[in-house]
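Several structures are given next for inspection.
Shared chain: subunit A. Partners: subunit B in the first complex, subunit C in the second.
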Partner chain A sequence: MAGVSVFDRWRDPSEKALGFMLLAPAFALLALIVAYPIGRLIWNSFFDLRLSGGGGIKFVGLENYLLVFQDPDFWNATKNTVLITLITVPGALIIGLGLALLANLPFKRKWPVRLALLLPWALPLAFAGLIFAWFFHTEYGVVNDVVRRATSGAGGQTEPTMWLLRPGWAFTAICMTIVWKTSSFMALILLAGLQMIPKSLYEAAEVDGASKWQQFWQITIPMLTPSIIVALIFRTITALQTFDIPYTMTKGGPGNSTETLAMLIHKTTIDYLDVGYGSTLAVCMFVLSLFVTAFYLKRIGKNA
Partner chain B sequence: MNSIFDSRSLRFIAAAMVVVNGFFPALWILLTSLKTEAELVSKPITYLPHQPTLANYVQAFTDQPLLKYLGNSLAVALSATAFSLLVSALAAYAIARLNLRRRQLILTCIVASSMFPLVTLLVPIFETMRTLGLLNSYTALVLPYIVLNLPVCTLVLVSFFQSIPKDLENAAMIDGCTRMGALLRVVVPLAAPGVFTAGILAFVNSWDEFLLALSLNSNPNFRTLPVGITLYQGEFTFPWPIISAALIVAIVPIAVLIAIFQERVVGGLTQGGLKG
Partner chain C sequence: MIRRSTFTALASAVALMAGLASSSAALAQQTTLRVFSGGANQRPDLMRKLFDQYQAKNPNVKVEIETGGATSELQRQYLSTVLNAKDPAIDIYLIDIVNPAQYYGAGWLEPLDAYVGKPAEAFKAYLPVYLSSNVIDGKVAAMPAFADAMFMYYRKDLLDKHGVKEPKTWDELSAAASKIQRAEANPNLQGLSIQGAPIEGAVCTFLLPYWGQGKDFNDANGKLTLDKAAATKGLSQWLAMVDAGVIKRNVAEVKTPDTVNEFKAGQVVFAINWGFAWDRFKDDPDSKVQGKVGVMPLPAVADGKSATCVGGWQWAVSAFSKNKAAAAGLVKHLASAESSKFLAVEGSLLATYPGVYTDVDVVKNVPWFKDAANVVIAGRSRPMSKDYGQVSDIIRTTTSAVLARTKTPAEGVAEIESRLTRVMR
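Coming up: the complex of A and B.
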């Protein structure tokens, strides 16, 4: 074994060396795109750092944080983000469960239903936002047209709803769009869960005389709980980051009534180039999502 | 729940509800894209176009460099997919096959990276790319997209690698293959379906991404489709037939991909999802 060259070692390395080589690219990228940015983010949040107007870098300690807590825009964006999460996550779960139950029926041809669940998932969020902005158009939108047709029989000459031009309605329209866009992913995960429930459970319940309603609550829901939790975690984490749909539907308007935290951070840093304050906002959002993740992880621990 | 839907007609209604929910938005955009501007602003609104026209499609390509955006999206999504697969296949093999201590911790680290809200990392990523001189380049998007795809690709590939019997690999090594040789000649070909599934998921993820594409590449030469399509609207004008035509052009590639590989996509999604 006189000449064990480097090349031979590369060809047949030890288990540990091979593991290191194989994992290196993944962790190098995680360091560059996740770990270093997190450190940099926290560092930046202690500085007055504006890229516009040639302003220098000034250490300001916790001043940015004090400003954040007094910033009405921050609280408005936080309120909107939390509300969107609280409305659209359960909304998508309920609609997704309905879609999954319908899609789980024994159809002869499975592909139309499957494709109908996949298409909304594959559609970019930005496209969904644009399409639904057109749906909710005050004058020429299909939503107002359907409402008009449905109510014209009742005789009421109602004004068309100005969906995207009134704060409350704009918020509603955005939530409906998010629920439509995300419920099909929920449905796909729940459908896989439904298909794993053994048929024998239902047959046994049938013999015992349980009603369909009882079977749903006593068998389907408990058996589906693991899938539901996984789907909820994924959905909540993405709901907290909501950006694309409000950005393409209303740009946060009217006023800033539909502005989310992600949009506020984007506006502060990319549009106004105020990196110091934007970083502080991002740290606050980061802490918020850590709390939510920790809450879920604790719940999972209890269930397992 | 089946007895309510025992009859064929009720089952048909159930299927119709799911299908309408999924397809209606795309269908409505298709109809809009075929209408003339004059028909669009007539009231009450029409559902089917009276005089179908393709003029909006021509305008979609001339008002904005739509073809360029399409090419950019393809270049970014394809290279992000290729690199995501390479990086996550290496990592997944190490996790699934090597006798490493703390392999569960390694997997958790990779998966946990998807828990960080991307938008909070936007600022430092923007700064990093600026320092490296990578703003307005394909690389600026490909690098973060690899990380974006890493968790789901690694999860899918780990479970595929684990399903390949270790004996096959050992047999190859007894027959004189090196460890690397066994990996390349035995494991990779057998894992091809898994690699493919992970690839589609990575492609869709990269194709759809909006926030980074919007923030890092503002130069039209590197703009991707989702960002480019928002630019048809003027400050006060929304040329909806043209936007709709552009949307149809942008949706078709991804819809065809999904239609062809739907079973794989569903398998990959639920696998990646349920294990995470």
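Coming up: the complex of A and C.
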């Protein structure tokens, strides 16, 4: 009669069994699209796996990891990635906050402001990169044209700046583009946060005689902190993965002075077809993201 | 109920048998060959016509065409994946000249010696460069489809106007360009346009002045034989031309289409570019230089010898094909002098046989081929390596950085050497 009892249990499962059964599809899906690829990535990172052919697949243990630590390209890319993150995340936060406050003003028509906020965010990253690459082009770019017009009155017939061919300028141009592209995303999240702050708080502050400045620091910022942290987490993680904008603007150039980690991984895996070493680099980037996320999560825990 | 299922079973059995019968009948008389024929630039429309010609003569062979990948790099990425998986679905591949070394080295290509003869014999009639680029480890890895090369285009009208002869050395070219620039007094007129952006063309930008000194980049086994002094001299020569105002200052930003467009707009005296540019200069409605363009061999360094970068595409038979003999038969037809002539006349694709350049029909249809012949014969192949993707990336990124002056030529060459000795062993 065992068959009947199994059948009965299937028909009328316990609370716990039902929970597992309901979760199983979602879990299987996650395992398939998250756990398996990550596991496979880590697995590949222990192999010499070059698709350029012939060599076959060799287990090399931790050799790839040792190579990573001696690889000047890896450290250069890490430095660039961290710098881009440290510059563009606060940059986008400050500009995004400004935009959010602006959009929160009591305009009669709200949609034009909101639309203007959304547009840079809706533009694909690669397009933004290509557009700004044109802006910064030495001869055909609008930036140099404006500079030339502005300085020609002052009698300064200077040589045009080669924005994307000087490591420092190229880095600056990329950071400006990223800030332009991402501050609207910041602004959207912060705008939502701003609208959750009850008006009564400001009215009470007004009655108590607080200045606008005091209201901003004592009410707006503290009430907005949860939104700021959420926005920072999202932005930091995407900043660590920066790829499209430097790739389309400079391809990492001049030399590899603007190459990010994601670009190095792409180059190693797709252009060099070195999947083993590329996986190792990707694992290193994954660990870096993990640390940063853990840091933020800890901060949130404190705030909540 | 029963009647219906019986009927379904019967019907499907009949259908199955009919299908089997027809497909086995087809198998008995036909071999189907599947050909990967590159992207739009490799003119699949003309290739289809070549296949049709072969089908008409060989009714038992049917040729299917597969296309994909706009650039050589995208095609390499795709094909490396397909061939790594030992996929037998494609019998013949059209591959870039830089790829036979990688593919043959990986065991992905069938050696063709048994079908076309010993290498020396098989390549006797072709341009000399193909013997070195398609013969790997003493075996025929691929057969030439059509050629391409870096040409030195120049403004015939301007050279005539200022009484300047075709320069034979880079110094002469620099002097000639300066003279014309000064006399024309047009601040937008560039003396020479080369590609300095980190694209495939920059590999040739590095190699041209290096080869021009009579130096080799690699030996027959693909091992790096870089002469650092010569390479430094080559890169310094470009920078000297930038300082002289012959090449524009932002050369590290210049890509292949920039050179084409600026030359078309009449803003360039000398320009180095691939063969396709000729038709753009000659035929494009917005070209201001129609009928004013000449082609000449690339200058050499004094006491050196003229050399250019050869490109072009090769037919190769997959090692995983199930119809190797039939595939080799088709490749022989595709790599024949008749096919080369057909591609030259119909699509002005550069011929792989020196003889075709002087063919009566070819000269009538594409008159500039008689000038092109001298250039192509001096052609050399880019470094051969199974890791060409990496070799190319290292050379072009460093060359671009040197032209952007973020590295000195000596630093750049040292970096190329240290990175490439690891790759080109």
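By definition in this document, the second predicted complex is superposed on the first by the 269 of 304 C-alpha atoms of A that agree within 3 Å, B and C clash if a C-alpha of one lies under 4 Å from a C-alpha of the other, contacts with A are read in each partner's own complex, and residues count from 1 in each chain.
In the analysis below, a residue touches a chain if its C-beta (ideal position, glycine included) is under 8 Å from a C-beta of that chain, and two chains touch if they have at least 3 such contacts.
No experiment lies behind these values; they were computed from the predicted model shown.
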{"item": "Contacts of A:103 with subunit B and subunit C, given as first, second, both or neither", "value": "first"}
{"item": "Which of subunit B and subunit C A:120 touches, first, second, both or neither", "value": "first"}
{"item": "First (subunit B), second (subunit C), both or neither touched by A:30", "value": "first"}
{"item": "Subunit B versus subunit C as contact partner of A:111, first or second or both or neither", "value": "first"}
{"item": "Subunit B versus subunit C as contact partner of A:198, first or second or both or neither", "value": "neither"}
{"item": "Subunit B versus subunit C as contact partner of A:164, first or second or both or neither", "value": "second"}
{"item": "First (subunit B), second (subunit C), both or neither touched by A:222", "value": "neither"}
{"item": "First, second, both or neither for A:90, with subunit B first and subunit C second", "value": "neither"}
{"item": "Greater subunit A contact set [subunit C / subunit B]", "value": "B"}
{"item": "Partner chain(s) touched by A:266 [first = subunit B, second = subunit C, both, neither]", "value": "first"}
{"item": "Intersection of subunit A interface sets (partners subunit B, subunit C)", "value": "137, 139, 270"}
{"item": "Interfacial residue positions of subunit A with respect to subunit B in the complex", "value": "11-13, 15-16, 18-19, 21-23, 25-27, 29-30, 32-34, 36-38, 40-41, 44, 99, 101-103, 105-107, 111-128, 130-132, 134-135, 137, 139-140, 142, 145, 148, 180, 184-185, 188-189, 191-193, 212, 215-216, 220, 226-227, 230-231, 234, 237, 240-241, 243-244, 247-248, 261-262, 265-266, 269-270, 275, 278-279, 282-283, 285-286, 289, 293"}
{"item": "Complex contact set, residues of subunit A against subunit C", "value": "50-54, 137-139, 159, 162, 164-167, 251-257, 267, 270-274"}
{"item": "Residue ranges of subunit C touching subunit A (in the complex, touch as defined)", "value": "73, 77, 80-81, 83-84, 102-103, 105-108, 198, 248-250, 252-253, 386-387, 389-390, 393, 397-398, 400-401, 404-407"}
{"item": "Sites on subunit B touched by subunit A in the complex", "value": "1-5, 11, 14-15, 17-19, 21-23, 25-26, 28-29, 32, 40-41, 43-45, 86-88, 90-91, 93-94, 98-100, 106, 109-110, 113-128, 143-144, 146-147, 150, 154, 178-180, 204, 207-211, 214-215, 225-227, 229-230, 238, 240, 243-244, 247, 250-251, 254-255, 257-259, 262-263, 265-266, 269-270, 273-274, 276"}
